[in-house]
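Order of writing sets the labels: A, B, C and D. Residues in every chain begin at 1.
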Amino acid sequence: MNIVAISGSLRKGSHNAMLIHVLQELAPAEMKIQELNIGNLPLYNTDDEAAFPAEAKALKDAIEASDGVIIATPEYNRSFPGVLKNAIDWASRPWGKNSFAKKPALIMGVSIGKIGTAVAQSHLKEVLLYLDMRVIGQPELYLGPASGIFDEAGNLTDSAVRELLAKALAALASSAA
Amino acid sequence: MNIVAISGSLRKGSHNAMLIHVLQELAPAEMKIQELNIGNLPLYNTDDEAAFPAEAKALKDAIEASDGVIIATPEYNRSFPGVLKNAIDWASRPWGKNSFAKKPALIMGVSIGKIGTAVAQSHLKEVLLYLDMRVIGQPELYLGPASGIFDEAGNLTDSAVRELLAKALAALASSAA
Amino acid sequence: MNIVAISGSLRKGSHNAMLIHVLQELAPAEMKIQELNIGNLPLYNTDDEAAFPAEAKALKDAIEASDGVIIATPEYNRSFPGVLKNAIDWASRPWGKNSFAKKPALIMGVSIGKIGTAVAQSHLKEVLLYLDMRVIGQPELYLGPASGIFDEAGNLTDSAVRELLAKALAALASSAA
Amino acid sequence: MNIVAISGSLRKGSHNAMLIHVLQELAPAEMKIQELNIGNLPLYNTDDEAAFPAEAKALKDAIEASDGVIIATPEYNRSFPGVLKNAIDWASRPWGKNSFAKKPALIMGVSIGKIGTAVAQSHLKEVLLYLDMRVIGQPELYLGPASGIFDEAGNLTDSAVRELLAKALAALASSAA
């Protein structure tokens, strides 16, 4: 089972990238989780589809070859980052060639505040339903504050979160099977 | 009255850029509408705030010097474009230096479909409320299909839309006064 | 295949109730669509759960006995009706006894305007994901204006809508199988 | 300054009703906060507008006579309660007689969980913008868990929340002036 994962944050030491690394450790034996890069994409412009950018094509190919998609997103200004939406906009194009269609989607997010990206995820899940993904509704993963979840080395220190992540990966495996 | 306007689409011949041009013609004498460029921004990365990009600084300066903001947005995948969110993410930063605070916001959008960007605008208005803008709720401007609103030269051909736009500019002028 | 359907509008001659009747005609041979009543429920009050109202219990029983749920909703004030949310709130209770869990959900709506309940459905789909339903993302069914879809006797007069509804029922049948 | 307040929960001992009582104590001298009842309304039905229910008329009259509206809402199933939406649906009617137009709106909510009704409020704010209210974006009031905010007698025990509420009332007073 080949899963791809996207972090909505580009910064080094991103809590959401940390979360993906934790998932890679927690994944059951039959599941491989590959992190995709979205920091090398140009800003989406319809005019540029004629010469479709190689980076966007590579993103599409990886998603299409996968059995499911994990997105770990921060919340910026009560929605998900423009960087992440830009990647989704590219991968949904050109018209009729949406790379996400029919894939299971597991969404999560960690933030420094207690809301744990709940509002960002509500927008993101709407977008992914439109893209015809099989969006997993439960368990929800609104993780925060980050300071109580990771230590400074990026290790997960909250055992309840660890159990929740394992449960989420099982839901993804079931949906992707 | 100095208003800045942002189109959420970067393509040449964008209907939303056309809409801004129409607004520039319709604006009352005391209102000047200046279109801002968001196509030259890098992808937002918190790590890059230390050397804040000049293009993002210029965007912030223009917004801060204004009396109000117009955003004309397409709907991509049932939300507003990543390109537009990326610009908002930059202009909201660094922490405590949100350039949008207390400004009136007039939101509109035109699409090729009949929904006229209604769902995209619902997400966008939430973000702008968080950024402490005075978001104008009425009139709503869900414009579409575009083919019935503009001719091929980009002239507005729908007189009901013209009246709605004039009403919206009056609401903005009142809020910005 | 036993499907239950809920109209979000209580008025006689509701376009959304009409839509459910059309679905009953269009349903494939193996699918039976039963319309549920939500107009007899009390306003939800946690204190009343101790003596759970018989009408709410009947609603829960019908949903639990079903293989999938159709909701046809109007848009009131850019969300779905309070009447519909009240029914969902009852059927989600008591804690741990959510009647919607794991059921496929097909959402649609018809309105007198052209937006066709798109914003209402975006809120509704979020709620149903939380309730662990398998929400069908495509096809979307944003139907309007109603005057172009039904004649005065409630017959469906738009053949493109008929095809879309058939496609949606096929997606539901596939998800419920 | 005459402010009306609505709690989205009908249960006795509701945390959101408690919150309104705290606001009544904290209100500046010139502000009077009157709590409105929404538990006596029938389920909204367009057919019943012809003989508009007295309870709905009383709700409309109180809102129209006010200088601003406070809503304190729980989050049920990741949106605001049907009970509250039902009250809003009534007060927005009949067509052209929306009682909320132009009023300032201060939204808050307390829940037993840490998210503090953030998603419910995002839906609610969209609805109130549509109803042409002047929705206050900052400060946000996502209060929870309730157990850390109130003691068993309903007294506010969190001084940071007290300061936030005072700041919010000042924003409302400024908007209503």
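The rule we apply is simple: contacts are C-beta pairs under 8 Å (C-beta built on N, C-alpha and C of every residue); 3 or more make two chains touch, one makes a residue touch a chain.
What you see is a predicted model, and the numbers here were worked out from it, not measured in a lab.
Asks: Looking at B-C and A-B, which pair shares more C-beta contacts?
Replies: If we tally the C-beta pairs in contact for B-C and A-B, the bigger total goes to A-B.
Asks: Taking each chain's centre as the mean of its Cα atoms, which chain lies farthest from chain B?
Replies: That would be chain C.
Asks: Distance-wise, how many Å sit between the C-alpha centres of chain A and chain B, to the nearest whole number?
Replies: For chain A versus chain B, the centre distance works out to 28 Å.
Asks: At what distance in angstrom does the C-alpha mean of chain C lie from that of chain B?
Replies: A distance of 35 Å separates the two centres.
Asks: Spell out, as numbers or ranges, the residues of chain A touching 2 or more other chains.
Replies: Counting only residues that touch two or more other chains, chain A contributes 78, 119, 122, 126, 129-131.
Asks: Residue numbers of chain D touching chain A in their complex, please.
Replies: 78, 114-116, 118-119, 122, 142, 144
Asks: Which bits of chain A are touching chain B when the two form their complex?
Replies: Touch residues, chain A against chain B: 9-12, 39, 41, 43-47, 76-89, 92, 119, 123, 126-127, 129-131.
Asks: Quick one: in the complex, what on chain D touches chain B?
Replies: The touching residues are 101, 122, 125-126, 128-135, 137-138, 140.
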